[in-house]
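Okay, here's the structure, questions in a sec.
Should a chain be cited, it is by its letter among A, B, C and D, assigned in written order, with residues numbered from 1 in that chain.
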Amino acid sequence: MLKRLLGFLRRLSGLRRISVAILGATGLVGQRFVKLLSSHPFFEIKVLTASERSAGKKYKEAAHWLLGGDPPEPASEMIVQETRVEALSDVELVFSSLPSEAALKVEPMLAEQGFKIVSTASAFRMDPLVPMIIPEVNPSHVSMIERQREEKHWKGFLVAKSNCTTMPLVISLKPLLDAFGLRRVVTVSLQALSGAGYPGVQSLDIVDNVIPFIKGEEEKLQAETVKILGEPFRPLNIPVLASVNRVPTLDGHLLHVFAELEKDFEPEEVKRVLREFKPLPQRMGLYSAPDPVIQVRDEEDRPQPRLDRDYKGGMGVVVGRVGKCNSLTVKYAVLSHNTVRGAAGGSILVAELLREMRLV
Amino acid sequence: MLKRLLGFLRRLSGLRRISVAILGATGLVGQRFVKLLSSHPFFEIKVLTASERSAGKKYKEAAHWLLGGDPPEPASEMIVQETRVEALSDVELVFSSLPSEAALKVEPMLAEQGFKIVSTASAFRMDPLVPMIIPEVNPSHVSMIERQREEKHWKGFLVAKSNCTTMPLVISLKPLLDAFGLRRVVTVSLQALSGAGYPGVQSLDIVDNVIPFIKGEEEKLQAETVKILGEPFRPLNIPVLASVNRVPTLDGHLLHVFAELEKDFEPEEVKRVLREFKPLPQRMGLYSAPDPVIQVRDEEDRPQPRLDRDYKGGMGVVVGRVGKCNSLTVKYAVLSHNTVRGAAGGSILVAELLREMRLV
Amino acid sequence: MLKRLLGFLRRLSGLRRISVAILGATGLVGQRFVKLLSSHPFFEIKVLTASERSAGKKYKEAAHWLLGGDPPEPASEMIVQETRVEALSDVELVFSSLPSEAALKVEPMLAEQGFKIVSTASAFRMDPLVPMIIPEVNPSHVSMIERQREEKHWKGFLVAKSNCTTMPLVISLKPLLDAFGLRRVVTVSLQALSGAGYPGVQSLDIVDNVIPFIKGEEEKLQAETVKILGEPFRPLNIPVLASVNRVPTLDGHLLHVFAELEKDFEPEEVKRVLREFKPLPQRMGLYSAPDPVIQVRDEEDRPQPRLDRDYKGGMGVVVGRVGKCNSLTVKYAVLSHNTVRGAAGGSILVAELLREMRLV
Amino acid sequence: MLKRLLGFLRRLSGLRRISVAILGATGLVGQRFVKLLSSHPFFEIKVLTASERSAGKKYKEAAHWLLGGDPPEPASEMIVQETRVEALSDVELVFSSLPSEAALKVEPMLAEQGFKIVSTASAFRMDPLVPMIIPEVNPSHVSMIERQREEKHWKGFLVAKSNCTTMPLVISLKPLLDAFGLRRVVTVSLQALSGAGYPGVQSLDIVDNVIPFIKGEEEKLQAETVKILGEPFRPLNIPVLASVNRVPTLDGHLLHVFAELEKDFEPEEVKRVLREFKPLPQRMGLYSAPDPVIQVRDEEDRPQPRLDRDYKGGMGVVVGRVGKCNSLTVKYAVLSHNTVRGAAGGSILVAELLREMRLV
């Protein structure tokens, strides 16, 4: 009792940071977690895990560090653990960037044992009992956790973030859905190389080239969009048609969107609605919440991956080229950083929301 | 009379090649003309023109040759002329790859003086009296020339080819229009750097980047598609929604297409219809006509610019990723070489059609 | 007298910032100046100049901003002036990133009128009376200013920084020269696109390509190296053989160096000497001086432009691949950020040195 | 006896093609072999081998075809075999593009059993009994085969081609060695992605980047150059200092060379000597021998990989930027296609030489 009180006070006073583990810490998304959490005020990296091959090495030796310079201290000197329960004893919150196959096995096992997990893996995103949360869009889906615990008999819980490409699509659609209603979405993406992780795409496949295909991505875009935009346990009932491409950019997923609305509109209205979008995380002032979350640019040639992916440290979403196709169809382009907002950063924002709600 | 008879016999026997000029020969499209016409059986380069700055120099010195190695003989040694009527005295057919502004002034003047012009410029494409011809799609539009001459009081004539991005879109839509009917098209393009000509896109703007905008291109895609797919003087009445991108590939424009048909369909039917498409130029056996003009690939990750742009020497069109979105909407990706099929090669095919029809 | 005293006190107390102008502020190097000076403790941007075309516009409208997002406040809202004396009335220090031709005319005129100029232009670098200063290498060359003023009858003065490629070469050679002596240098560079400014290199010239030539660059590398490594007015007498390349990287010039020393050496000794290099600016603690200025990496595949160009905010120099070719020849690779350390940042460091020496 | 006579007559008359196998046929170099040999007048592909994983599949399904379009007929329909002796029963000549480790085991075993092997692998290049042959440079090394067979007790034999980077270096050095003598070579390479094979270099490692290291490459450049330029069994005794880079080009290795000669020279003399170089294969008129083998360009910015790698179908070598550093040191840049001249094509030329010498 005293301990809980103390913990509560500590949280309030911000004196104590929550101990976290990063699973799959040597991968590309894991590296983003390490970078973002190394200076985070509420979370403290206690454990870094990776595959057997990396276990036992210092993080700086185990990770093929791709973010420039060297991994930040003190993570760089931490010894990487194998991804096993034993490694996680003192951990209060688990960020999982495991490959899907490993996530399928490890995550439910950890949730059962009482761990609280925020996962970037696609393994359980479409599980009807797992909320897929973008804090700006569907924070109310946090309520699904309760039923999840009951039905799955888990002491902990599992929350997913969406696919990195779904993220900017859904964040830009949400204010349109609220203001104008949505009938149908057609989208084509141009996705960065880092979206495929490391090793990922071979240079011989992508230099002077574009690949009009990413395995499973179009299906994810369609299914995740309606799950997130819907009510808990009740997806939105609209068609989402998608074609995807891999292009030779390092970071930043760009989508062209044709959205059929339920009401007539003016482009300036759409821009205003996007600019004024101030959802829960921004109103709460969550630490990693970009404000405004959507930047709307008026230039005719933006957003561009290299110029706009770092808006608000990579946590924001940039919209441009808003135009009217016909009385009901608006078109625009939207971009966000796929490994920050679309993966590690997006997950950290979920964790900040959970913390604010006293769930971690 | 005798002369005409002789000419006729020569043409029949193939002994004589038609003398042609290339206007704007030092530009990127001009270079493709030079390359393709240097070994053409029916056309012979007699005159190469360019701006004042290049005039008087050998072609190999005037052109910043971008196609590898050196310009072909004998063009490489020809003296570049300034783009003026005087330079064209012995020329029977003019291929114009002038910049739009120059084309606006020069082309009508030449047509008035009796020259027969096939132009890659956008200047007159939307002129209601100028046929914009893709031989596989609308060869009947050649008939517009008669009224053009009358109403414009031209002794010669002017025929345009379409925008390089319109080309693969329209060639792939034509058999679908014929077989299933068309209600609506949504398309997003990924366009190569050579589409912007030379100098064109700065490397600092495009390395590790994508630009979601090309000036005037979306409007062209919309307007040209319906003009070409329609009857002479009567555009097809369907909406074409387009968003365009410049991507860091050298050659090859890729489009994702969502086409709403008038009839239900099976993907395999669509593939069959595309594969069996054998329009006039292929039936006539025109020299540059690729056969089949459309290659349909079954792999899930094709067409790709670098791997597929050279199909049939860059004159063919490659379709892939054919899929069914819903009962009426088919989606697919389509690619063609923008400076061969989409510009110089496409114009040469038009000229071969005109020659076969005894118009040049 | 009182005023000078006050100025002195202000400088000491850091209350007053020196008013500076950036000439050529819309160019790529000008943009780096704007970015670096927008948060500089000692310098305050008062005037931004550019060509006639940009004059009268807000900076954010005049500059094709290439550094991501938007130009920083308050520069973004400043009105760009034409590059003329009248615009500079309240300015104490001038950073010139003018194109060479403009610099040739403008800089001496300004120096004559009393302006203190630090220039990134190549125009006067090889002028025997103009010191070309890399603060870590030849701070004593500041003494050349006195004779410069006398002989040129200038009220102000002109100091140059070196070519962006010379910078990492010379910084890495200096400690070797001091410790081992130098007989001969052979170097081959791989230079980034931003080194050519904007517009600079066309994408069609460099995608899937390398250009083994940069106009005047090899000559500069040779001449500047010996000028900087020598005494004031007395260049070092050693041969410097150079071949240069433009490669498709955005930022960061990489050089391979084969240096023939005067003494036998062990690679570990060379590494130690480089690591322990702590020249004047680092000892003085100049604001922009990276410490250590040289990072020596032990991995076999570093430095790499994308991973290492931002070492110490782009002000440091990264060396790797130190090896012994024979008893006297050491080889290594060295990298620095060409528009930060190699241009704007390098010039600001010069200005900080001049300020510390009470010359501005 | 009759059979040999018949064979002789067939060879003379060119009626019969020699049956060849390609080991490692699905790899990138294997693909070049398939492409080049599919239309070769003297060699006929009979067997394609690859790893266990590919065995049993049609070639077009087993190979991730990277050369554009589809693999040529009839190879595309051939069934890939596992790399075992049993698969090679009817084969007269073996082209091996096995990975080094596999080559180490397989090649001697095949040579022992009587197979004649031309190998692109590095496994045995530095074996003192294995000739490493560039037909233009050291055709006399073919004579080493006799001693090889004796000492190794092989019924067949093994001939290597050099590393792909050594190739242009040595071809350009040979005429200089003959005309001026050679004292010392310093070289820095910029090597294409295809040199690393497939999968090879990850896109995340090389987009907007350069890697100043390739495992083992500098050592190979040094050792191979002196072995090839020397007499059989007696390497040339000069130092070769090399630094290497991987750059984001698809094909074409570029080298900057500083060569110290034994005699004074004029750049024009060097150019003449290179241009007039007409070694044995060119004098013999071997089918794949480019003539002239060396193209010397006078432009200040050539050779460039994308513009010059296809000189003579990728079999030639392009030199440019010839200049004089001092009385004895000439500098130049040299380029050749690394998977054609530098690998498959270079090996085929070796085989043509062996055929001409009646060794296959």
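The rule we apply is simple: a contact is a pair of C-beta atoms (placed from the backbone, for glycine too) under 8 Å apart; a residue touches a chain by one contact, two chains touch by 3 or more.
Keep in mind it's a predicted model, so treat the numbers as computed, not measured.
Asker: What is the touch distance from chain A to chain C, in steps?
Answerer: 1
Asker: Considering A-B alongside B-D, which chain pair is linked by more C-beta pairs in contact?
Answerer: Ranking B-D and A-B by C-beta contacts puts A-B first.
Asker: Find the geometric centre of each of chain B and chain C from their Cα atoms only, then give the gap between the two centres in Å, rounded to an integer.
Answerer: 49
Asker: Could you please state the distance in Å, as a whole number, between where the Cα atoms of chain B are centred and where those of chain D are centred?
Answerer: 40
Asker: What's the distance between the Cα centroids of chain A and chain B, rounded to whole Å?
Answerer: About 44 Å, centre to centre.
Asker: Among the residues of chain A, which are close enough to touch at least two other chains?
Answerer: 66, 207-208, 248-250, 306-307
Asker: For the complex, which residues does chain D have touching chain C?
Answerer: So the residues of chain D touching chain C come out as 186, 188, 190, 208-213, 215, 239, 241, 243, 245, 247-250, 254, 256, 258, 300-307, 320-321, 325-326, 329, 331, 333.
Asker: Give the list of chain B residues in touch with chain D in this complex.
Answerer: 65-66, 68-69, 207-208, 306-308, 310-311
Asker: Would you tell me which residues of chain D are touching chain A in their complex?
Answerer: Residue list for chain D touching chain A: 28, 66, 193-194, 198-208, 248-250.
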